[in-house]
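Read from first to last, the chains carry the letters A, B, C, D and E; within each, the first residue is number 1.
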């Protein structure tokens, strides 16, 4: 039955699975939480390393799981990059989670993440999506430092469930129209004219929009992000979004988008960009602000679909990585506070430069990068996306999108103003990010520097 | 009316009713049940098409949906309990602490 | 190869300095020494490059070209040519002066401040030496960040408003420029078949007039904000007033030149047909800037605002010279850029020095400083007169040649029956009167009359301050008296610029648009 | 005659060295005895040396049979095909001007050592004076208009600094600023004229331009000479205080008196005249511009003279007199008598310098008093000053035999008879002005020196004759005022700038006119004697009789107020209320803030949509699905 | 059978008591099970009844009974968005219906193939889809851990 190829093809997943099992065992014998964290990091690093190694080795088996799962070096690279991003998340979770469940759930979710970019069949993709999100419902309220966490989890669960149902409905209609569960059918019927397959594509896209929080399907995101704890929000804002986008890349394949779906991909992301950036202006909660920012970034990400199909994956992966790295950087260095809502409040950043110059500097870099300003990687990513949009000939939308991105600069600057320029010298005591989180920050800044200095090299790898 | 068409219509109606339930019902448990209704609607169409194409894929997906639905409920119920514990109400309309 | 290494070193030295500063952390005097050292080294290298710069060569010198993002045709391409040699020299020259000038005024977060100054220096230098549009844009935008922090952290009471306004205003222009440059590169790739961001390649792009117009509009908006041209100028007075002295000096000295440099290096040469089409409109704006800036400088009560508005006026002359497309005017514009950099820097330094002593910027709080601070007053007078454009100072060289160019270009049109450019250039000449009016009003209230200054007794300028200003004065007079050797370095660039802008680059079959400027 | 390289450059640069040395010492060692002595030596030595060098250069010129000496110094700029060369040019005209500048300059420097003796900014004063000399020499020796312009602006700067020399009083510094700005208005015209010439001739070298216009260099430039002439004349009106830009000169009397003598009487203000003569090649082809110049000149002469009639400040009378005399010079230029204008420049330099310095001596004697109503009876107290003043007054009034007589008479004659725009009515107005000149000058003489003393007792006690450094200079200048007219400058210059021909039918009026002008001079004298020689009630009666006119004159025709109302205030008002308040703050910043608040409001709206209600969120989803599906129908 | 499912589903939305809603849902599910049975996929019908009615709904009913006592107050049934909700629902059904009805493919026509049996399904499930099976197990593990984690949290909140 399973050939060695099949075994190797799922190597990253296997590492994760091993990690999950070891963690569960550890949990059962209730060994120290510290060990659990390191096991998780080890597992994730091994998985990421395996993925990257396989990508570098050019491992491309022919159909290890015919019709269900396939891998190419590019897919391995994407997996590897995203898995590597999970390391900082784990590192920064230390301060919030004292026991091992977090790691188990995170690893399970990552397992789902790994399935998405290589799924050939909607069956696998559906499992991947569910595996990605179900543990997160639990993660959202896992820290439970305030009652709103439950509210957040419930909202997330219900709308995510609705997204799953919508996705299934779309898949079902597609199945009805073509008789196949293969993801490629989506791309094939994109330009079809019959109503049912058209409805099917629209429903699938809507479901992806829902998961990625595109206006008007975004409403769960700010609430869920705010209710969750810092590492979980970081995870949701970066990896989950990235995974959903990878799924979308998988679904769209390499065809150039046209027809009604292209319209959706033009209009709704644009609305998201503007809406997200505007709504973020008045936020006073850091996580909520990032949520709106992530809505806007989801907009940019879907813009990337408009370009030539063959460069889509590298564009999306690069954007996701650039965006995630700096987002994680910001989250890693959010100063500690005993009260979660105070930690979250932007006032917590007031005068941060005086208290913790490193954190202020790195968060500042993160904010500027999120704003898409050079020379930070966010700019290259933005450039990449808009270059594709221009190349596809959607000049007006590209310009509007850029102007929308301009709106966002203001609220990112606001964070900088608070950190560096507020005269408030009364400093809350002992409020620095934990040392592990700082380590995560350092990892992220290293990655940021790499992305900033050698974007060409990195893109060539994706 | 064609049978497939009828079943498909029914499936869509169930799906839409479920979605409508999410919009208009305030009780958290009822909302969960409406989610189940949506999934049931999807299942119906999947089974129909699976039959129509004589392909096991649809049926497998239905099977997966069963499992996922169960898991979601299993996860959702404790969350609802937690919510109720805190606000002593099943009314989702009251859970609006997170906004803006 | 060895020589181009010097340019690279010149560019990257500030980054090294920043890293050093971050490593030592906290020791203020060491930070000053390191920064000053870096700046001095940079100056030495710039002088060396300037001396070695061969005026006879048309293309790039000391060039480095490395592929950077080969997928998009982006390369790390830097080099010196006649366009940037003077501005690089100016930037390097002002660097040490800024550091020295900030010696006493910055007491808070000294290390961070110097790190920001170094980064700013890096970005400005980079924008000047970049010969690749992507690289240029990178530096162009990167400049905003340290400046944002410099104004925002060490600025005056309304610093946050000012710095956010500065940032958002300039960023708005940049975002449109980004759109335009992507479009430009795309269309070059589609029509010309080369994917490249190198200026030299982009100069070959052929675009139909509507496209040129829109793209020029986007570039011009970005550059005009930076210059700034009326009506896009309102960020400048606020930024200047709130910025610390060093910030003002850099802003006026170098940053504003970015706008005019952009027009000269990119805006007009990239879209020559649109540029010629819009010459009357842009000239109008330039002249409005001259007059408007002067009028507003006349009624300001804040001494920094006077200089700020005077900058608007002075850069109007630069635009006028560039738009004249006469060699004389172009050369004048280049000299005027440098001259304004020196003069405005000097004035801001002087204002900073007096502000350190008196802690007020209200003009009415001062009077009779010539009695109290003779040396200060002498310097002040020299810079004022240079700003007025008195002969023998650099201000005269720039203004005179720019106006001469504008006039020379406008006269034949007038003879041909099109008098509008001539009227504009006459108004610009009349702007010279306003220049004298506001600067002398400033000097009158400031230096003369009954002695009136808060915080008496005042100590006159220290040796350090005299040194800073003396260096500037020497260069100002050198440019005023002996501009020839300087202009020889830029002559080829001026020719190249004129050649690029006057040659139509419409797609082949449409190559018969009306020639607006002979 | 000593031949040396860069002789002309040495003339020009010597004062610059003086300025630098004095400037550095004055500021570095401010006020010490030693520095004062050094300042005197350098300050006076340099102009004298320059004078000597000039004489030497003149001898060289003479030896070279008056072929102009051209001495390139360096190349200022080369741009494309055009070069801007810094070169000096020495011909008869420059020689005269340079001699006047360095000569009168030297004596005034000497005078200043006495006059400024007790001033605490002694060194600074000499530094400025040397600076002035430097620029003035640059102006008269420059070959290119560019160099001329450098000097032109430079003397303006020196004038600005010297008018505001006692800057503790804001009014003095304000007067300096006014002078500078008014000059700048003229300079704008100058610049435009220069641009036009550059465009037309491709060079700024004045000899080349003249040659081009005279047609000796092949083709005549394709540009209207009148336009160029007018533009340059605008420049000249600024520098030489003609209508409409004369307003700065009376105010410029705020400077120390030697400054008034040197800059605002003898040299700088005649730069406009020099410019026109220098560009005579253009003006000869610009009848319209010449016409304008003549009319402006005569009008200025007339109006300034009327104002001078009623001034009570000793220096103001002289200032308006200067304006008036400059008007005469422009009248001469307007009718093409360039040499005559220069002749008047020279004689005027002598007698007006003498007058100013005499006035300075009076002021010095009276401890700063300048109001002639508070003088009188000084004849015996300061005799040398008195007698020199008498000679100079007689000279300016046109008493025969003295310098002013010759030059003024020639101007009147050419105004009447020149074939280039001379006309009887020009002569009429000019003659009337000459009468007034004689009258107000003798009025001044009478009120100051003759009659009973009206001095305040405290002042009267201290009245003393000035030191020799001052009186000696006065004597020298008085001699020059007396004999200066016997050297016929028009004749000397004729080979370079020919005099206009005389309209034939007016030729025989020459003797008549000569007599008329002599009569006029004496009539003025007599009138003044009658009015002010008798009891004080007599002028009072006249005053009452023409009260409205007198008021108008005292107020200087309200020109200052007019300019203030018409130009200065509207400019400030528009800048302040329209451009700053409305333009910058309301419109531009308003739009900006409007956009910003729009964004904030939109943000608020989006925030309100996010009510936290899961039902609403679901509704969004539902509506979104509907919308997306409907949208997908669009593609048929 | 279909109509029964539809009616009881509609009823779900309008019944006040959660318990009755649950009963309506059970009715719907059983009706669907019947439909599956009629379609010939008996094993899915069985699963439907076993998993949904037997497990999920029992769980829900249990919770309802648990909470019914505390949630005694007559809270309102409908959210404030019922009117727009209904309107959009109408639109949704219309749009959906039209989309599906007016399709051009032959999805609905043509004779139905032979219904496949449980053995057939099982064979395929374990051969072609064995990976899905494996993944499902991973999913179940994750779900169990998640549920346990949530329960642990609620226990912690209690204690």
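Everything that follows uses one rule, which is that a contact is a pair of C-beta atoms (placed from the backbone, for glycine too) under 8 Å apart; a residue touches a chain by one contact, two chains touch by 3 or more.
Bear in mind that the values here come from a model prediction, so they are computed numbers and not experimental data.
Chains that touch both chain A and chain B: D, E.
Of all chain pairs in this entry, the one linked by the most C-beta contacts is B-E.
Chain C has the C-alpha centroid lying closest to the overall centroid of all protein C-alpha atoms shown.
Relative to the C-alpha centre of chain D, the farthest chain centre belongs to E.
With centres set at the average Cα position, the gap from chain C to chain D is 36 Å. Rounded to whole angstrom, the centroid-to-centroid distance between chain D and chain E, based on C-alpha atoms, equals 101 Å. As a whole-number value, the distance joining the C-alpha centres of chain B and chain E reads 5 Å.
In whole angstrom, the spacing between the mean C-alpha positions of chain A and chain E is 29. Counting partner chains per residue, chain B shows two or more touched chains at residues 8, 15, 18-20, 22-24, 26, 31-32, 48-50, 52-53, 57, 60, 64, 68, 71, 75, 79-80, 82, 86, 92-93, 95, 97-100. In chain A, 123, 127, 130, 134, 137-138, 141, 154-155, 158, 162, 173, 176, 193, 195, 198-199, 222-223, 282, 410 are the positions where the chain touches two or more neighbouring chains simultaneously. Listed for chain C are no residues, as none touches two or more other chains. The full set of touching chain pairs reads A-B, A-C, A-D, A-E, B-D, B-E, C-D, D-E. By the touch criterion stated above, chain C contacts chain A in their complex at residues 67-72, 74, 109, 112, 134, 137-142, 144-145, 148-149, 152-153, 159-160, 163-164, 167-168, 171-172, 175-176, 178-179, 182-183, 185-186. Interface residues of chain B facing chain A in the complex, by the touch rule stated above, are 8, 11, 15, 18-19, 22, 28, 31-32, 35, 38-39, 41-42, 45-46, 48-50, 52-53, 55, 57-58, 60-61, 64-65, 68, 71-72, 75-76, 79-80, 82-83, 86-87, 92, 95, 97-100. Partner chain C is touched in their complex by these residues of chain A: 353, 357, 368, 373-375, 379-380, 383, 386-387, 390-391, 395, 398-399, 402-403, 405-406, 409-410, 413, 416-417, 420-421, 455-456, 459-460. If you check the complex, the residues on chain C that touch chain D are 165, 169, 231, 233-234, 237, 292, 295-296, 298-299, 327-328, 331, 367-368, 370-371, 374-375, 378, 385, 390-392, 396-397, 400-401, 403-404, 407-408, 411, 426, 429-430, 432-433, 436-437, 440-441, 443-444, 447-451, 481-484, 487-488, 491, 494-495. Against chain B, the residues of chain E that register as touching in their complex are 2, 5-6, 9-10, 12-13, 18, 21-22, 25, 28-29, 32, 35-36, 39-41, 44, 47-48, 51-52, 55-56, 59-60, 63-64, 67, 70-71, 75-82, 85-86, 88-89, 92-93, 96-97, 100-101, 107-109, 112-116, 120-121, 124-125, 128-129, 132, 136, 139-140, 143, 146-147, 150-151, 153-154, 157-158.
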